[in-house]
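Structures given as structure tokens follow.
Each of the two complexes below includes chain A, the first together with chain B, the second together with chain C.
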Partner chain A sequence: MHHVLVDQWSQGASPMHARDPRAKVVALVAFLVVLATTAPDAFATLAIDAALLAAGILIARLPLSGVLLRAMGVLPFSLTFGLMSWMAGDRVRALGLVEKSYLSTVAVLLLIGTTPLPRLLSGLAALGTPRLLVLLAQFLYRYLFVISEQAQHLRLAALCRQGAGTKHRRSRFRAAAGALSVLFARSYYRAEGIHRAMLARAFAGRFAPLKPLRFRASDAVFALATISFFILVRVE
Partner chain B sequence: MTPIIEVRDLHFQYADGAKALDGVSFTLNAGESVALFGANGSGKTTFVLQLNGILRGQGNITVCGLPLTKDNLAAVRSKIGMVFQDSDEQLFMPTVLEDVAFGPLNQGLQPEEATERARSALEQVGMENALARAPYHLSAGEKRKVALAGVLAMQPEILVLDEPTTFLDPPAQRNLLHLLRELPQAKIIVTHNAMFAAGIAQRAVFFERGKLVADGLLEDIVQRFDWTYSALPLSDLRYSAQRRF
Partner chain C sequence: MHIPDNFLSTPVWAALDVVAVSAVGLMVKRARRELDDSRIPLLGVMGAFVFAAQMINFPVGVGTSGHLVGGALLACTLGLAPAALIMTVIIAIQAFVFQDGGVLALGANVFNMAIAGVLAGYWPYRIWGAGRRRPAIFAGAVLSVMVSASLALGELLISGIKMPRPLILVSLALFAISALIEGAITVSVIQAIDKLNPSFVRRPDRANAPVLVTLGAVALILGMVGFLLASTTPDGIERLGLKLGLHSTVSFHAPLADYTVPLLDSAWLRRATGGLAGLVLIYAICAAAGRLIGRQRSA
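Right, the complex of A and B next:
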């Protein structure tokens, strides 16, 4: 499961992991703004951005190929829109769409691969993100595990009962559609159970962090240095 | 003796109209352990979910002298530690330590104190070496122990265990039995496993179609409702672990 792997990455130890999530979020936002305003054919700037991300991944001791491979998850979407632009004759825009979406995804993976989600959400809350959004993200994260686990159980059960006669695409599609509806229903009940278990442990709608955030001087230096570098690269 | 749980004439109906509890009255004294028996769908789990206000029916519930009202909900949930049937529903934080500290943090404890409580609870269940592990990497028995630690860290006065032996192999069940016997809290055990229950509780109640139809000595209840897997008497079936005590 991808999210489990990224979750494991986030538990690592490196100078990137040690940074306060707020510093990393601010740096990420600056990077995304700079990337979005970079011309699609400014290949030198984009190459420097890519190199910077690669350096970040290496400093964070994350597997470079693993991050790059997982970032490809965005390509089916960006390639579709890129193809549409290409067919409309706007090749530069098409290229820009694919490049920028891929680099943005790598940057986001670098952030979540070096920040455990509870800390990341605490950081977002401290930066003024509405509490409801933070809470929704926390639940979404929790339920992602639940849904993928349920899906795996269903898949296994389906495989166990899959005879030689299920080669027809139509019947497989029908079975998949049925499994999807069961998955929704099961996930709902499971999520209800989790919520009950949380209430039983005195949950009152707020996740209190075990390790409170501490914004140190080194975090300020990190945020300022990365933002300055991004702007410098963009201006150059 | 003043009961620590007192339930009077409790009724509950699910949204689909199914009547789940029908006039249940029940008491539990400090330090006492009681097993809740009954067929699937007889109302056992629905009943225990009423005790800390997760489900709300009609009737009076008092826990450690506190009437169960909206204002007392947080206090009551701190008094009753509930260990759910499926530990996966209970464990959701990235590490075992963070998960066990979840309850104490919700109780308003400072992170240092919550960490201390979590460490101590994990030590109590023999999982002190799993602090940094991810809960989804644990075995079923380990998950159950961590789930129990998550509840013990809140220092409850009453433990409610819903089908505690589910998913556990016999050695893990035996370990859990040892562990529970050493805990001083009053216990309510929802189970089909009469052998396991007999290792902890002397008293049992029996649920039938939402009604509490019998309350008495565990062996009498088991015999009266024929609540064992075997024709052998309960005394012959008890866990060997119990004989060590």
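Right, the complex of A and C next:
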């Protein structure tokens, strides 16, 4: 599955992986803002931006083709809208939609491919995201695969029982609703069990990270260097 | 419906980022008031449930199937603020982990689906839910999809994206169909949940909260205005955008543009610094709101 692969990437070791998530988030946002304000036909600037991303991917020792392929997920959407703008005569915008949304997606992949989600979340928490949201995201991501697996089982079981060719759409619809309600109830009870288990392990309102975040001098240098480079490229 | 980056013009996404941050801040505060820590795992696991629910297909027509979106379902079972927060986190995870929707456009997507969508989904249930539960749930689910889709379409049009008029009408029709599907799915799932354990479905609390009703009404009106504008005068909405200085070729003319240092006479640099300054501003607002909320909590 897609996210499993990205999750594997994020477990790697490289100078990019070692940076503090806060530095990477700040650099990503700066990159996206600079990109958003770049004219779509400033090809030299965009080429440098693309080269920069490629360099980042190589430094992070991520598979270049893999990242570029994954980022194509945005293309169906941007190509559709690009085509419409092109036909409406707004070619500059059409280009911008396609190339800039693609570059943005690659940039986000570079962040998530070098930062495990728990670390990214603790970085976001350190940048001021409310604790409730961060906790919620941690639980969501932790149980995403568990609940998804249950959903797969329910789907498979339903298919086994009814066969593929049931004509009665109404009863199939009700069966799907029943499956979802069972999934809902199981998730609900699971959450109660999780909370009891957490209390038994003396949960005190927040997760203690195994490796606390440390914003080193190298992280500051990374953030400052990348941001000033983005702006320089933009001005030149 | 997840808008990627670089589709919205800078004023549009920046403004919606600010709106979304303050709205989510409010929701966090509300949720803190009504939840204790024991409910936090529940919200996270329910978020995973909404993700997983997309795997279960509902047959709706010849060879087509739909799946649950979930905003209205969560609002009717867990309450307004928790539902909005769960949807916010889902949208953020989709943007970061699945690259579905942009990071700068996160505010726009959160506003469309997690704030306006959930409010529109909860509003009918809150008002009529005690008496006529099924129609209220149905109306809520239909509205939530319709409002968030129309908002997204309106934002794209204001940003100057050109769409041929027939296509706008077709996409509105498609939105309407998927909204009806969401309504049907939500009603039948909630009925099934109710059969399993009636306590899962919240009674709509009768205590009046005028703020909530007003907010819902505003979201509804916004959605409907976007809908009407988009369906009748796509050119008109672009003119409106031009008039408001929102058109992307006008680019960033925030107040900050007038305060640039003379040294920064390059138009690009001005825009870049304007954008960055705007983001710093957003971050500052965010942090200040967080601190304020934290203080109120400890007080």
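Following the convention adopted for this analysis, the second predicted complex is superposed on the first by the 164 of 236 C-alpha atoms of A that agree within 3 Å, B and C clash if a C-alpha of one lies under 4 Å from a C-alpha of the other, contacts with A are read in each partner's own complex, and residues count from 1 in each chain.
The rule we apply is simple: a contact is a pair of C-beta atoms (placed from the backbone, for glycine too) under 8 Å apart; a residue touches a chain by one contact, two chains touch by 3 or more.
Bear in mind the structure is a predicted one, so any value in this text is a computation, not a measurement.
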Which superposed partner A:Arg142 touches (first chain B, second chain C, both, neither): both
Contact breadth on chain A, by residue count: chain C or chain B: C
Partner chain(s) touched by A:Leu213 [first = chain B, second = chain C, both, neither]: neither
Touching partner for A:Ala202 - first (chain B), second (chain C), both, neither: first
Chain B versus chain C as contact partner of A:Leu95, first or second or both or neither: neither
Which superposed partner A:Gln8 touches (first chain B, second chain C, both, neither): first
Touching partner for A:Gln150 - first (chain B), second (chain C), both, neither: second
Touched partner set for A:Ile194, first chain B, second chain C, both or neither: both
Contacts of A:Leu117 with chain B and chain C, given as first, second, both or neither: both
Which of chain B and chain C A:Leu68 touches, first, second, both or neither: neither
Shared contact residues on chain A - chain B and chain C: 117, 142, 190, 194, 198
Parts of chain C lying in touch with chain A, wherever the complex brings them together: 4-7, 10, 13, 24-25, 28, 31-32, 37-38, 40-49, 51-53, 55-60, 68, 77, 85-86, 88-90, 92-93, 95-100, 102-104, 156, 160-164, 167, 184-185, 188-189, 191-193, 195-197, 200, 248, 251-252, 266, 268-269, 271-276, 279, 283, 286-287, 290, 293
List of chain A residues in touch with chain C within their complex: 2-3, 6, 28-30, 32-39, 70-71, 73-74, 77-78, 81, 84-85, 87-88, 90, 93, 96-97, 100-101, 104-105, 108-109, 111-112, 117, 120, 127-130, 132-133, 135-144, 146-148, 150-152, 154-155, 169, 172-174, 176-185, 187-188, 190-192, 194-195, 198, 205, 231, 234-235
Chain B residues touching chain A - in the complex, by the definition given at the top: 49, 52, 54, 74, 77-78, 80-82, 84, 86, 88-90, 92-95, 97-98, 101-103, 105-107, 111, 114-115, 132, 134, 136, 150-151, 154
List of chain A residues in touch with chain B within their complex: 4, 7-8, 10-11, 116-118, 142, 145, 149, 190, 193-194, 196-204, 208-212
